[in-house]
């Protein structure tokens, strides 16, 4: 099964290219799982604020699917073969399935907050790793974190309690 | 973990509602896996016809994602909780991961042809099962098969050999 | 006052055409009343979730108005004269005026849930009646029920309670 | 049943607010009935000029529905609960159901001309009543009459006879 | 000359596929002829209501051309080779050329009414034939008949006489 | 008062430029008058086919206004000063004011037919005059005649009588 | 020659209708002349700021043409026949042709400023005249003056000198 | 520092022009502050209904910014120099800074309700002041109050309590 | 059967008008057949480059259908009755049905190349014939040939062999 | 008054989050003041190049308002409460009100050039401060400086003198 | 290196095709250089009218790039290989590089005027050469000259001096 | 000839500004040449995959032209005069003209791959050079490399061979 090409991007070195692609594959699984979870919550949330949350999640899904594509095509550009397969995802991931089905807005948002924390922390770690070798990949990840943190703020703004 | 509501759609009966929802969950996994595979091929196909196939798959992904949403919201409408989670998908599915990574247009299209055959056959079987009880679900599935068979024809037209 | 034409659609028989048109007139009144009620709730709902519900109802109104038009033009196509008049509607309908004015989101959604149940049950009954004679009318009604059930799910998702 | 709020618009006085809202409720019924009649004619008109008239009425319906919304939200803004219900409409209105079903373009336009005359005369009377107390409502009604008179001119231009 | 593929749609059986494709070829010729006739009338109609009828026929042509494409791609999807050729059409059709050139609105609409009756009756017969074997094709034809009957109603509304 | 520049278009010669610009000024007056007449008819036409004719004239006005602009900017490009003034127009024109006010569709279309004949004949004469010297202006006029003749056909199709 | 109908708008009185229509005819000539002048300047302005002024005038022309249409259809709505003819315009107007052809930005804007002053002053006088009788026409003119004054400000901002 | 021009709008009188412009400057500060406050709330609101309120405020900001522009250009049209500067605003305003930062939906909406009351009351007072002198400015303010009152109703509908 | 009007375009002469219309009828058949053939190939092409060619043909069909309309309306404008009927087409044409059904990209493109050569050669011959009599028709045909030659270049670029 | 949340973005540390948010508040005031100044100039600029500069500033205002939103939502995302209040702005800023009202293009552009220099210098200083701790905020500021420097170039290009 | 195909357009003759293609190559270089120069001026113009000229040149660049494409595809359609390479351009052109960098609006427009004169004169010469052989190419060039002369008028209108 | 301004961007220092502008001029030539080459290939590619590659190159050209503009305006923003002239480009570049004319898809893509490698390597070198001095320019170049590498991946995916 062919998984790497003879090339990587000009001026980087084939070894660096393969290493960064490998690290990005982990991010690809995380983002792919995140888009599935966002849809899952979109369908299963219930209660008084249903419609607002139901609709708030769709543009997030849309943008995260864009991130998935961006990371996968970056892996391919670096010369490796990205995996977008569910079996690979479940076998390789370092986290569990999302725990809720039908549940209230509050419970779902509290869980989603944790999911976002996980994805963002791992993205930030990778940013600091690849910055010296490949500023292009670094910039791509920074742009994604900016969006993911904004989405997380949306979610946190719902669950935040104000002490009187 | 809450997975069913107290209601189903008017005029159907709660038992029927739950049974059909259960059958649709299998279709939801199949369609969710299909959208992941279509993107995977989009990234990994290579060779002289790269650009045509790469671009042909994006509207297919877009429409299949619409099918995913439609089936999941039908399950919820019938009173059950749809699962869009990757762990559930891999545990419950009756098929394997897609076998190729970087490969030629020909090889990928031959594999995709098989994937489509699987999804369509199962959809057709469910159509004949639910028609008497719930014409709404039947109509939804017929519409999806119409689109899926058209997409399969696109793929078959690439690989068909003409005997002179 | 002229209420029927000399024709009905090709291949159906004038008697069948008139009978189906008569049954559809009842659905036309139901849908016309539904669009008026949806606007009425849009204006009279108050309380913490006001804006979400206020805005959720407008696309529902828009689509139900499309159903009104579709049913009325089907009646005309079948050779009869559809009635869209309020006096006819109130004289012929088998239900009462919607009971609430200014009220909370919860109370309005609970009432709307009942209204949708009524409309959907009657639509489903007509589907089973016309299927053998006129598959075109059957298909039209199935498409409307699919949308109406989805809207009802939106409303039910707001009022559903999750047992912890 | 709650029909008024504790407030009216700033600077108007609660009594004035309620009185104007009451007068506007009559206009709301008239406009709501007008939109139903316009659709009814859209479906029932026949004869050589069918398509032109059939299509001319749809933008009129669209705009009158906008007027309905505008008047109802003004009533709510003034602190009262607007009624958009068909039962209320038929019980409170000072006019009869539209008299025609399937009829020629000429007959329908002659009847519609009378309907418009009724709605416009009552709007004009209300303009002169509310002008001193509430110029906002006055301006809103003036804008609607401008549109309604233009639509009536369209209809009159069809039926006008030119003396040689 | 190659006219069939090795496949048909999954779950149908190659024999069924070929038979349905054969029946659809007759519909393809009928719809292809209909789009040519609609344009022909668009150019040749004269008299007082010229512009309304001239413009009413263009969206009908547009939609019928969509039906042509839909039926042809269904034939291909079923594994056969659709014929869109004028020579085949004229040799195989069971009807004559449209009889009028420059003529009044009334005469053209009376002829078009007959053309629509022919196409719709044959479509309805095929619906009842293919329903058990292939619900996808059935659904496709039902959708087309719904549109064709609506167009015929437009035409009939022009020529209908109201007895006073 | 400055009416000519020091330049004309490259390769034409200043004398030719001024002469063609002078001939185009006559066309500018004709087209400017035509756009005013088209609006005038748009407002004054009455009778059974009112709405179709009322609406048919607006795109004609729009296109003729484009012709006005095109001819005027061509005059300027050739180095002369175009006149768009009503006083100049009335003083210099070789035709009378349009004769009708409120009148039937038939009478207005018969008059408009004559107006178009006048404008087109003069345009065609100018085409044959400027063709040798300035193919750019010739092409501009041909394009306008093509559109004007099509508009005239629309008008003629309304008034044409078919001998049985 | 027919110039008035048997009707005016409901609730106004035929005499008032004719009188206001007569006063509006003067405004129609003024606005029609203004749109011609704006185009004339658009073509004849030269100098360093050519492009800015050339482009600034087009949306003004567009809006003034809208005013022309609005006033003419108001005249027709009131029951009279509007005149949009150049011969009438020149015979009836109380002002001269615009004085410049090719000229600098400064000179043209100074002249246009005067033209606007004339049109606005006459509009304002008519507003105070018709306010008591016909608030609809009053509101229409108020809306136009609002736009015309804004356009005049654009022009004045170009020619204004700042005293140090 | 130059703050007035030599002109005001035609037919008004320079003294009146300056006085009205002065009164409008107060409204300009109020609207400019309102747009800043709306954005401030947009960022600082928290709690279960976050997303609905967060999104409801953006079109309000957009429209109020349009009002700011409209009032400022009216001041300029009247011949004065509008001030859009924050230092001027804070020095001249007759109200305090908005009192909340991060706070619940309920608390923010209660405060915004007061802000709207203030702006609308002052607008209404100015309407009655300028009506006799300058109907154009009166009309402009009426249009703004219409929108502001509708926005306030949105906010009040959230906080209104229904007495059982 | 009426096939000619009493008029032709101004300044041309009725005899010339009829002759040119007759020559254009041959072009109308050719273009009508071409649009049918382009769709036919769109459905029947197979092989590795399927999707690119399948999609390339749709904008060609769209544009050729525009040519059909343009030629037919030119014939009507010249005073004759255009024929868009399949029976006429097949009886009058000087060429055979397109020879292929399901075939490879290469074979279809080679055949289409010949079809285009035929249509273009005949168009070019007609250009040289009508140029002296009717420059409007000449210009119309030149514009069509420009587009047809570009489409043929697309096709030739696929089949061209480069000698190394 | 609540001004901070319990959280900051994942992987940054609450202290860092608060410190960066504090530094961004200064930038928020600067950008908020800049958008007010740009509108102020938009209204007060006069002289020969009025329209070009008047229109050039609107897209700049639009983009700077986007920067305001972006910075404020970043502060909130970092867990602090952004202030968008005019009173706070004026109390905390380190610069004076913009000095001009009605003035020439040249004078306004010279002042705006200085305003931009101030904002950009402070942005650049913050970029170098936050780069190590928070690359997301760094990237956000770099993007804003890129746009602000381009806008400043537009302004400088107007005032630059070319030595011959 | 392959530079010609075995074909030219139908009905022209291979020798003619090659000769015209050769003459068009010179025009391709001229247009390609023109688009580069227009962008160059777009960046380097300075002074009081900067923004108007800066923005006026972008639609000119856009249209000239369209001309480049049109000429190059015409060369290919005629069977030759167009050169769009900068080295070829500079080696083959009969003119020098544009002489200015940063310069005032006046100086740049004076230079651009000369560039346009050169391109237009050569285009006009080629029109007269190819007219007899290939009316399609002639028509293409006429269309381009029409646009180029209009652009030149824009430029000339800026620099023209009016003698008092 | 003026090539530098008195300013550079705030906070950078005039010397640094000039140096970076000089380095960017080399990138400007490379990108300008690349857009010319992409169009050249767009016209000259032939063979079975013609249409896919022909169309794939247009969005690449569009985006590279955007890069050209962005780099040139950055040079101007930094205070220098960008050169977009073909003569300068050819004199200063460190590479040869693109070697192919009419050639197969494979040959062209193999050459384009080399061209992209050259442009990307030089861009990456400049990124590492300017990062410390000017992060704005660094960010601009990173964004361009991200796009250029993606385009190169498109091209490489066509020519890559998969070992079985």
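Here are some notes:
Residue numbering begins at 1 within each chain, and the chains themselves are lettered A, B, C, D, E, F, G, H, I, J, K and L in the order written.
In this section, a residue touches a chain if its C-beta (ideal position, glycine included) is under 8 Å from a C-beta of that chain, and two chains touch if they have at least 3 such contacts.
Here's who's who by UniProt: A, B, C, D, E, F, G, H, I, J, K, L = DNA starvation/stationary phase protection protein.
The shown structure was predicted, so the numbers you read here are calculated from the model rather than taken from an experiment.
Common neighbours of chain B and chain H, by the contact definition above: A, C.
If you average the Cα atoms of chain E and of chain G, the two centres end up 53 Å apart.
Chain B and chain D have centres, each the mean of its CA atoms, that are 49 Å apart.
Taking each chain's centre as the average of its CA atoms, chain H and chain J sit 23 Å apart. Shown for chain E are the residues in touch with two or more other chains, namely 2, 5, 48-49, 52, 73, 76, 102-103, 139, 157, 160, 162.
The set of touching chain pairs reads A-B, A-C, A-H, A-J, A-L, B-C, B-E, B-I, B-L, C-D, C-E, C-H, D-E, D-F, D-G, D-H, E-F, E-I, F-G, F-I, F-K, G-H, G-J, G-K, H-J, I-K, I-L, J-K, J-L, K-L, using the touch definition from the header. Interface residues of chain A, counted against chain B in their complex, comprise 1-5, 32-33, 36-37, 39-40, 43-44, 68-69, 72-73, 75-76, 81-90, 96-103. Residues of chain C touching chain H in their complex: 45-52, 54, 102-104.
Those residues of chain B that touch chain E in the shared complex are 116-117, 120-121, 124-125, 127, 131, 138-139, 142-143, 145-146, 149-150, 152-153, 156-157, 160, 162-163. For chain G in complex with chain J, the touching residues are 48-49, 52-53, 56, 105-106, 154, 157-158, 160, 162.
Interface of chain E with chain B (complex): residues 2, 5-7, 9-12, 73, 76-77, 135-136, 139-140.
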